[in-house]
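Below you'll find the structure I mean.
As written, the chains take the letters A, B, C, D and E, and residue 1 is the first residue of each chain.
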Amino acid sequence: MKTIQLQQLTKSFGETEVIRGIDVTIEAGEFFALVGPSGCGKSTMLRMIAGLESITSGTLRIDGVAANGMKPSERHLSMVFQNYALYPHMTVEKNITFGLHTKGLTKLEQRERCLMAADTLGLTDYLKRKPRELSGGQRQRVALARAIVTEAPICLMDEPLSNLDAKLRAKMRSEIRQLQRKLGLTMIYVTHDQVEAMTMADRIMLLNEGEVQQVGKPLDLYNKPANTFVASFIGSPPMNLAEVTRQEKGWMASDGRMFHPNAMTDVSAATLGVRPEQIKPANEDVTFYAELKNIEVLGTETILAFDVGGNEWLAKWPGQWPLNVGEKVACYVEPKQMSLFDADGQRIEPKHPKLFEALEVFQ
Amino acid sequence: MKTIQLQQLTKSFGETEVIRGIDVTIEAGEFFALVGPSGCGKSTMLRMIAGLESITSGTLRIDGVAANGMKPSERHLSMVFQNYALYPHMTVEKNITFGLHTKGLTKLEQRERCLMAADTLGLTDYLKRKPRELSGGQRQRVALARAIVTEAPICLMDEPLSNLDAKLRAKMRSEIRQLQRKLGLTMIYVTHDQVEAMTMADRIMLLNEGEVQQVGKPLDLYNKPANTFVASFIGSPPMNLAEVTRQEKGWMASDGRMFHPNAMTDVSAATLGVRPEQIKPANEDVTFYAELKNIEVLGTETILAFDVGGNEWLAKWPGQWPLNVGEKVACYVEPKQMSLFDADGQRIEPKHPKLFEALEVFQ
Amino acid sequence: GSEEAAPVAATTEDGKTEVVFWHAMSGDLETALNTQVDAFNASQDDYEVKPVFQGTYEEALTKFNAVAGSEDAPAIMQTFEVGTKYMIDSNKITPVQEFIDKENFDTSVWEENILSYYQVDGKQYSMPFNSSTPVLIYNKDAFKEAGLDPEKAPRTYDELKEAAKKLTTDDQTGFTMLNYGWFFEQLVAAQGGLYVDNDNGRSGNPTKAVFDGEEGQNAFNLIKEMYDEETFLNVGQNWDDMHAAFQSGKVAMYLDSSAGIRTVADNADFEIGASYLPVPNEADRQGVVIGGASLWMGDGIAEETKEGAWEFMKYVSSTETQAQWHVDTGYFAINPDAYNEPIVEEMWVTYPQLKVTVDQLSETKPSPATQGALISTFPQSRLSVANAIESLYQGVSAEDALKRAAEETTTTLVQ
Amino acid sequence: MTIALPREKVRARLSDAASGLLYLSPSIILFGVFLVYPLLRTMYLSFFRTDTQGTPLEFVGIGHYSNLFTSVAFWQSIQATVGFVLLTVPLTILIALGLALLANEKLKGIGIFRTAFSATMGMSVAASSVIWMFIYNPSIGIFNRFLEAIGASGVQWLLDPQYALLSVSLATVWMNIGFTFLILLGGLQNIDRTLYESADIAGTSYWTQLRAITIPMLSPTLFFVGIISLINAFQTFGQIDLLTKGGPTNATNVIVYAIYKDAFINYNVGSASAQAVLLFIAVLLLTWLQFKLVERKVHYQ
Amino acid sequence: MRLRNVGVYVLLVLSAVVMLFPIAYAFSISLMDGKEVLQGHLLPRDPSFENYVGAFERIPMMTYLVNSLIVALLVMVGQVVLSSLAAFAFVFIDFKGKGLIFMLFLATMMVPWEATMVPNFLTIQSLGWLNTVWGLSVPFFALAFGTFLLRQQFKTIPYEMYEASQIAGISRFRFFWNVVMPVSKTPLVTLSVYSFLTTWNMYLWPLLVTNTEQARTVQIGIKQMQSNEVASDWGVVMAAVILIIIPTLLLLFAGQKHLQEGLTQGAIK
């Protein structure tokens, strides 16, 4: 069980700075997810922790010890690479067990661990194959198995499930999570899949262009996005945003629609945010009427699109709704579920946080 | 606009048969998604259509013409490779435009198309870079851009969005869909992401171990899975299943729970299936009580796990529910929403299909 | 090419007839050669001799063989002495005798000993050009140190052995001889021994190697005995290695070509002496065989070109040219009058050793033995002899080694 | 069930074959003129007795061949050849591999070392041999100077049959290292870095990585270098000619040198041709064997 | 980590010293006069560049250098083009008998050079190419070694790149020229260096097919400075050796720069 501390870590490739001063402590045994848009520096940060990429400035501490100069092997970690990095000339089995001898395992133990991992990952039939005879997902699973068998106290995974189908992915998610708990691994997990981050992580760090946007529990990021970037990044579809100005009776969007969010503030102009799943079909109270611009009926829910203050807003209604484009629908949003952001995009905390929290858990 | 016909197509690698007689016609201008578990043969099938993998037996017709012996270039298609296959020595721009001259485009037109695609895919800043200076997702986008610019009438994509974050992915989804519609492309799209398949495809084909499981509209696969494999593959979490035997009053699971599905059949033993989102918190009618084994509160919904007939069942309730493990909850499932499968796993159609269909659209 | 059309002589821009001259002279020798050619070209207006280096004698011969008879063939071809028979047999050359006869040229001005090598049945085939003989070179300083008279070099095998013994110390060996067939041939000829039968192949095609007779045995025994007594140093087959051994004081006496003396004298930081080739005590000294190379005239070339070649040959054999040649290279003058030229005399003051070589040659008694053997497979025979000498160092008896070399040579003769 | 319309397939095949041959044709034509034709001529000559000019005189059938097989010298030269090949090929590859591994490190100024290690490639055999002749010179050569300095007695490097082959081999190894090094370095640089990163994280030692990753990934290059070195070793000529001339007592008389001597010194063109043909067949067989036995173990990406 | 680097440097320096020693030795000798050479000193007492002047004086060194340069460049281009065309066919085009033809290609490497020399000379002579750069270069354009080298390297190019270009309808030749060649920079540079140097170092063939100083190359020059029978002027010979390896060393250094980057890395996922 190891903690990992990043202190003002930066990284530049030549001129371009891709990591810009990251400060965070990853607790021992924590499942820490790293999310962010493509190219924001996730892989780079992981590679710096692994010791594969030099650190431009700042200090990396593993268990309190400065580790900037440590060799990768001295850091006692395992890693799943985004491009798998399988040994093309070794069989799957050899790929998985390669390096285990350094842990002092006998051939028999190595084989046992390998078989167990292969079983977990559904690779038992492929142990004798070479990577090039495998499908994309199978390759990814081999890479995963390779990290699992080492049982190193720190585990770094770079989008380890991106090529798996939903079913296998769900299974792998819980397998990884269980394993991580059982072994008490400190896990840093890069993913672009929010469900993954949300369901698996103890904490999530959201990066953008090499800068930390928010670090926190999954629900914090979801419910209390620190800024509009987080708001629009987390959640699928993302939070709907609209510029609003303060009026006497509430906040008005550019098209005249009025909103009454539950936040008291002095600013006169702000950005209003509402999650698509928080826009409900109105029963009694109607927050606004909207003309349907588009409608997508998924198996379990329906996505409605309409226009608010010049922005396309989406609503997510459970069930399959037989509505037509052009129809007018009545929508309701609970005031407490609206977020407000100031001109810099920073969240404006509601004046009565206590109350808010109490209301947070709703049906 | 081209149709693609697969007639009894098979493919073997040495001894192992990985595609086992596929028969399907992909209509001109159709968006056809190919899904299935990892290693089921999706990429292989795509590569056969592209002419990159020889056809072991069967006939492939493009626009009615047998195409087995055609060169890839004669098939007039574009393709996004699962591993990108970028040219490492060319800049992103060159990667995208390379080959366009064969379409008789001038340098200027090439550049225009490239800029447009780059803009769509957020690559404008990277046009001068080489692939190795890009992140995983950026590379994938380059591969995508390369296929888009050719505007070939048939487009094959192998998991083109797997490395993108949710936001970008959502954006790309609609971009690809719009482009496909605008150009009237015949698109064959391999994905392991059901949401992608569900939202984008006109029709979906579900493969398993080289065999077709079901071909149909997305909602058909969701609502009327042809067999238990489809049932448990489509949907996340997948359909809950339990062995049931016919009793006088209904169908009984091994733990004695009774179900009353809306299907009339002569078989005495069957498999019952219920989608997690179709298990609802009971208001009046209670289908069954369940002791909570586990609970996961996601941002927008809560996943509950309990035991039915020895299987772990999951339920998906909208909202965030403050429940504890061990608590007993009352669940309700509409009878029409239960599916029944015979001993071979094949769907048993309800006796009154008319009625069922009418009820299909529900709130 | 067609036989009918008479070959046309190539001409230079200013209308001179071009006479291509292939040679194997490299290093300082090439410089000396070019000087002579330039002088010739400047001396008349009809011909322009173009010297072209063609690698070693072997390489040049290979190429000559490929082009002989064609228009790419040179007008003048320099070939080493052992290629004589090969050139004659090739039928692609014009014997210079033709021109001697035509002009009634008086050949008596030329050194007979040198000419005779290239005469067969009284016919002069080629024009001797660079000729050298072996001499004994010794380190006078080392002689003094060993208590020997530096002015009295050993002349017989016994004296040689004796001196070598005295000269041999921890880091100096008494004597060496390059493992090169030529030296062996010379040691045999010096005793009047023949190399092959039929008068060294001059009275008929040779059928048998006879160098394993008494004379050859003497030479082999000498080497063997001295080697076993460790007064003989094995320097292998490389001239430069041999020179290095002498110059660095590793060896006190050795056999060298007369052509090499100057450079050795220039580069040694001790005094060097030169003497005649040693002979066995009881033997009657016959002299040495002329070595080096001669100039051949091509065939199938235009008559004018041949004329040019002949003119050049005459030019290089003239007294002054030869004197210069001797001074520049250490090769013999084929025209003995040259030695009376002032530049030669001057030279002999600086390099008294050179005079020794000339004396040795002029004292040589003409006979089939000193005329040298005429066999077409001479190079191969030399290899056999070199192998035999090497096997001596490996403990094979002198008799067996020599016999095998002779047998091998005989085999090639009958083939 | 139609597997494919035969017409199309045949057309496709034909066009493939045609374009394949098109790409190969410049090479094929030049090989035909400058290698195959001379080789056929050599084969032809090997059945004849020729005059010293190399003109065939008399058909002797396999006479030259049977003579060779009974000739001591021929077997000696085979022995020398085999010895030379065994001494030079493995040593060259091993040393060059070691140097390539060293030079593959990412360090400051590594380009200088790379140039230094490949320097011998820039030297002609003639130039190198001249230098080695100096080094081996028993009187003034640096080796013996050194031996004398430490009180040992000098060695006749090139004149003692015991050492001659070894000495020539050593010089040859030096001459060939540069080239082998360059090829191996190129091979090393093509190995995907992430493989090592992954192994670094696993904590495997340098040697394990060398054995388990580098060598297998380098195997196509090693295979190539092996074949080329073997062929080159069989055809070594220059340094033999300059350093030992096949001596002492034929200890270094490798077959190519024997051929040279037979053809250009002894004017025994028939026998030389026969030896050339035998050499050709032997090397061909060996290479074919390598392809059969070794290439299977080679890993192509 | 740092300790390891020190170790590596020590090994590097040691190896470099051993590898370069003979060359340094030659350089040292080139600075000595004739007497000193034969006394077996390691370093010159009184270094002078006299010998270099001598080397230029003795033979038309400049002409030879230029000729060598032209011929070497010509052969280099010829070999690289022909070899890569052939290797491309062997790797990326499927046709019957490919394996056999490849073996035949390889077989050409086993033909002893001595056996082909004289017939080839006659061929060149009948073509009228004596004393021309064509005679010096054309017979070497086809190179089995180069074909083999490039075949090995082309085989490591991810096949998907070829597939992608096929789908895009890019012609074979364009793929060859725009993808295979640039991606294979490393082996191409290696081959170019090899071609250049081996041609630069040729001796016997240029000697055979040239008859005039205007057409000759540097190696003949070296040979011209050594002599048998008479002791060679070693200082001058070594000076010439050093002179002709300077261009080749420079070339190697320049080639290194190109070889520095591993180019196929990151090609695909």
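Quick note on the criterion: a residue touches a chain if its C-beta (ideal position, glycine included) is under 8 Å from a C-beta of that chain, and two chains touch if they have at least 3 such contacts.
Since we're looking at a predicted model, the values are computed, not measured.
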Chains touching both chain C and chain D, listed by label: E
Between the pairs B-E and D-E, the one where more C-beta pairs touch: D-E
Taking each chain's C-alpha mean as its centre, the one farthest from chain B: C
CA centroid of chain D to CA centroid of chain E, Å: 15
Whole-Å separation of chain centres (CA-atom averages), chain A against chain E: 56
Chain A-chain C separation of Cα centroids, rounded to whole Å: 93
Geometric centre distance via CA averages, chain E-chain C, whole Å: 38
Residues of chain A whose C-beta touches two or more other chains: 71, 82-83
Junction residues of chain D - those touching two or more other chains: 54, 137, 139-140, 192, 264, 301
Chain E residues counted as touching two or more neighbouring chains: 37-40, 118, 158, 223, 226, 234, 263-265, 268-269
Residues of chain E defined as touching chain C within the complex: 34-35, 37-40, 58, 118, 121-122, 125, 130, 204, 207-208, 211-213, 220, 223-234
Sites on chain E touched by chain B in the complex: 158, 160-161, 163-171, 178-179, 182-183, 185, 263-269
Chain C residues touching chain D - in the complex, by the definition given at the top: 58-59, 61-62, 65, 68, 86, 89-90, 171, 179, 234-238, 240-241, 244-245, 248, 250-251, 376-377, 379-380, 383, 386-387, 390-391, 393-394, 412, 415
Footprint of chain B on chain A - complex, ascending: 13, 35-39, 42-43, 82-83, 133-138, 140-141, 159, 162-170, 192-195, 198-199, 218-219, 222-223, 232-238, 275, 277, 296-301, 316, 318-322, 360-363
List of chain C residues in touch with chain E within their complex: 20, 25-31, 50, 52-56, 59, 62-63, 66-67, 70, 72, 132, 239-240, 243-244, 247-248, 257, 259-260, 262-264, 266-269, 329-330
